[in-house]
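Next come the structures, one after another.
Shared between the two complexes below is chain A, which has chain B as its partner in the first and chain C in the second.
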Partner chain A sequence: MSLLAPGAWPSSATALDVPAHKDFVATIRAMTRSAAALSDLAVDDVEELQMAIDEAATLLLPLVDPDGDRRLVAEFQIEPADLCVTLRARARRGAEVDRSGLAWIMLTALDPEVVVASEGDDVSISIRRSRSGEGS
Partner chain B sequence: MTDEDDRWAGGRAEEVGRLFETLASHAPDSVEHREARDRIVEIQLPLVRYLARRFAGRTAPFEDLVQVGALGLIKAIERFDPTLGHEFSAYAGPTIVGEIKRHLRDTGWLLRVPRRAKELHAAVARAREDLTHELGRFPSISEIAARVDASPDEVAETLDVVSAREGVPLDPLVDPAEGGGAQRLVAQEETGFGDAELRAVLQDALDLLSEQERRVVMLRFVGGHTQSEIAARIGVSQMQVSRLLSRSLARMREALDD
Partner chain C sequence: MSLPRLGRVTIVSTFQATPQSDLDGRPVLGVKGEIDLASAQALVEAAEAFAAANPGEPVRIDLSDTTFMDSTGLGALINIRNGALERGGELEVTGRSRAVERAFELAGLTDVFGPKGE
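Now for the complex of A and B:
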């Protein structure tokens, strides 16, 4: 039984737009905690999702185009028992997510189905978590 | 870029690949086999340390998690099939993380998180008061964080604990014309006396349970809470509460049948 009323929400898409700097990753972590509460995830899901966000930010921040807007955008798709977080940044032309480093291994260990996408100059990483014991 | 990254150097895929060939071509009890395995462990240890560091701190000491993670690494070496063409470190990562997570779960991680938050909350409250006096102004989050030896993020988290503690008085819900105040809303008839004897018998069976199992059983059957309420209260999923309950009841039933 959840105390929340997802059916009454006009929509569930939520976004946070912060400076592309490691100091601001904590604000995305905090928002993730609130979003996870709305999705009613398990406590360990929240912690792991926050770790995954740290790694995704670690992978994205070095790619940020110094001549671009230098913003890091976090989009939250908040569904009952399911939360998807997408981190997006304007990257230097041709810059790619480093898939040989430790951060990538950690990220894929936390979410084997992590999605990396490029759209124009934007690079994004999407992490999804369903409540433990439901779905995957 | 961390120290681990420097020493890890991309997992040295080629060298590791050759070492797995050595493993495959020598008997498990041979010197060559053991040396090759030790060398793979050595190369991959920065990976273990990196992953362990991410999970360490709040609930389990870093060095413990390195030990557990190293066990996961050895399991991964035993199970890895190089003929499938995957890189070893990509295979080892989830195995190591899985081992660390299992350890954290088995040692009651989920229950210690709220306690840590609660402890920190008390420390933050104290530091807030002390620093206000010392500085002659309200301390910043980072000043409090430095005092209680936690990150600013963790200090900010304790603010959630505060808001969760503050209740709303029931009185405004009561129509003043009806009188009696909130007392009338929360009062209920005591039916527990008749159950006292039964509880005495049950006590022996309850003693067989772990602290957590006992707590869940008490909350469910004595406190009358639903599984979801218990899950929220002790900070685990409803599924886990359900599993804990059925396991506890099975053990108690077994004890009472004896």
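Now for the complex of A and C:
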């Protein structure tokens, strides 16, 4: 049974804004599990999505500008075909996601189509998971 | 302290590393909960304390009750293993949960910590 009936909500867009600190990554994982369950993802997909989001947070936190607002924002968008989660932080000028370490290896193993984007001083990582159980 | 909860989902990282004995009476560090960015350093420190308390013994870690592990947890295990090797010892992962096994697979480290069941 789908938990998401058409038109059930005015909008599925949800955002979680937490301090950019390692102690709050578990909170983002919990919200990810909740959004994934609302999206009817399979149990394995729920676990993999929360792991991917955790790795995205691990990659973003070192980039955070200590003189900025030091916030980590997770945006959840449940769409008919998939669930998209975007993690965003205000980064130090010129800071880039480390694509050489274990976190990146695991993130791209979980989602080969992960999107890393920069807009002004913001850096974001977006992960999409199909609701049909056929991958992203 | 009561923990904030979302239904039955704990929304703070849970982690507990406890020295115990396995069925053969050998010392082992049992790790429960989540190994992530917030707890990885605590795992390294617990393993160092275990090694200091059990000289001559391998650093045995039981991850059977570990519910989540990410790349920082894997990094902690690598640090623990390297520290043990430097002391002439070794790291033995004596049990692993499904979440731990999946993390090993994703990072391509299954062989580093021994195949499942060893």
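The rule is simple: the second predicted complex is superposed on the first by the 124 of 136 C-alpha atoms of A that agree within 3 Å, B and C clash if a C-alpha of one lies under 4 Å from a C-alpha of the other, contacts with A are read in each partner's own complex, and residues count from 1 in each chain.
Keep in mind that, in the parts below, contacts are C-beta pairs under 8 Å (C-beta built on N, C-alpha and C of every residue); 3 or more make two chains touch, one makes a residue touch a chain.
None of the values given here were measured: they were computed from a predicted structure.
Superposition of the two complexes onto chain A shows a clash between chain B and chain C.
Once the two complexes are overlaid on the shared chain, A:Met51 sits against chain B and chain C alike. In the superposed pair of complexes, A:Leu61 makes contact with chain C only, with no contact to chain B. By the touch criterion stated above, A:Ala117 is placed in contact with neither chain B nor chain C. Of the two partner chains, chain B is the only one that A:Ala42 touches; chain C does not reach it. By the touch criterion defined above, A:Lys22 reaches chain C but does not reach chain B.
When the shared chain is aligned, chain B and chain C each come close enough to touch A:Met106. With both structures placed on the common chain, the touch criterion links A:Arg131 to chain B but leaves chain C unconnected.
With both structures placed on the common chain, the touch criterion links A:Ala30 to chain B and to chain C. The superposed model shows chain B running into chain C at a single listed stretch; among 8-16, 26-34, 116-124 or 152-160 it is 152-160.
Shared interface residues of chain A, touching chain B in one complex and chain C in the other, are 26, 29-30, 33, 47, 51, 54-55, 101-102, 105-106, 109-110. Across the complex, chain A is touched by residues 2, 4-5, 8, 10-11, 46-47, 50-51, 54-55, 89-90, 92-94, 96-98, 101, 105, 109-110, 113, 152-153, 156-157, 160, 226, 228, 235-237, 239-240 of chain B. Chain C contributes residues 6-7, 9-14, 34, 36-38, 68, 70-72, 74-75, 99, 102-103, 106-108 to its touches with chain A in the complex.
Chain A meets chain C in the complex at residues 22-23, 25-27, 29-31, 33-34, 47-48, 50-51, 54-55, 57-58, 61, 101-103, 105-106, 109-110. Note for the complex: chain A touches chain B at residues 1-2, 26, 29-30, 33, 42-44, 47, 51, 54-55, 100-102, 105-106, 108-110, 112, 131-134.
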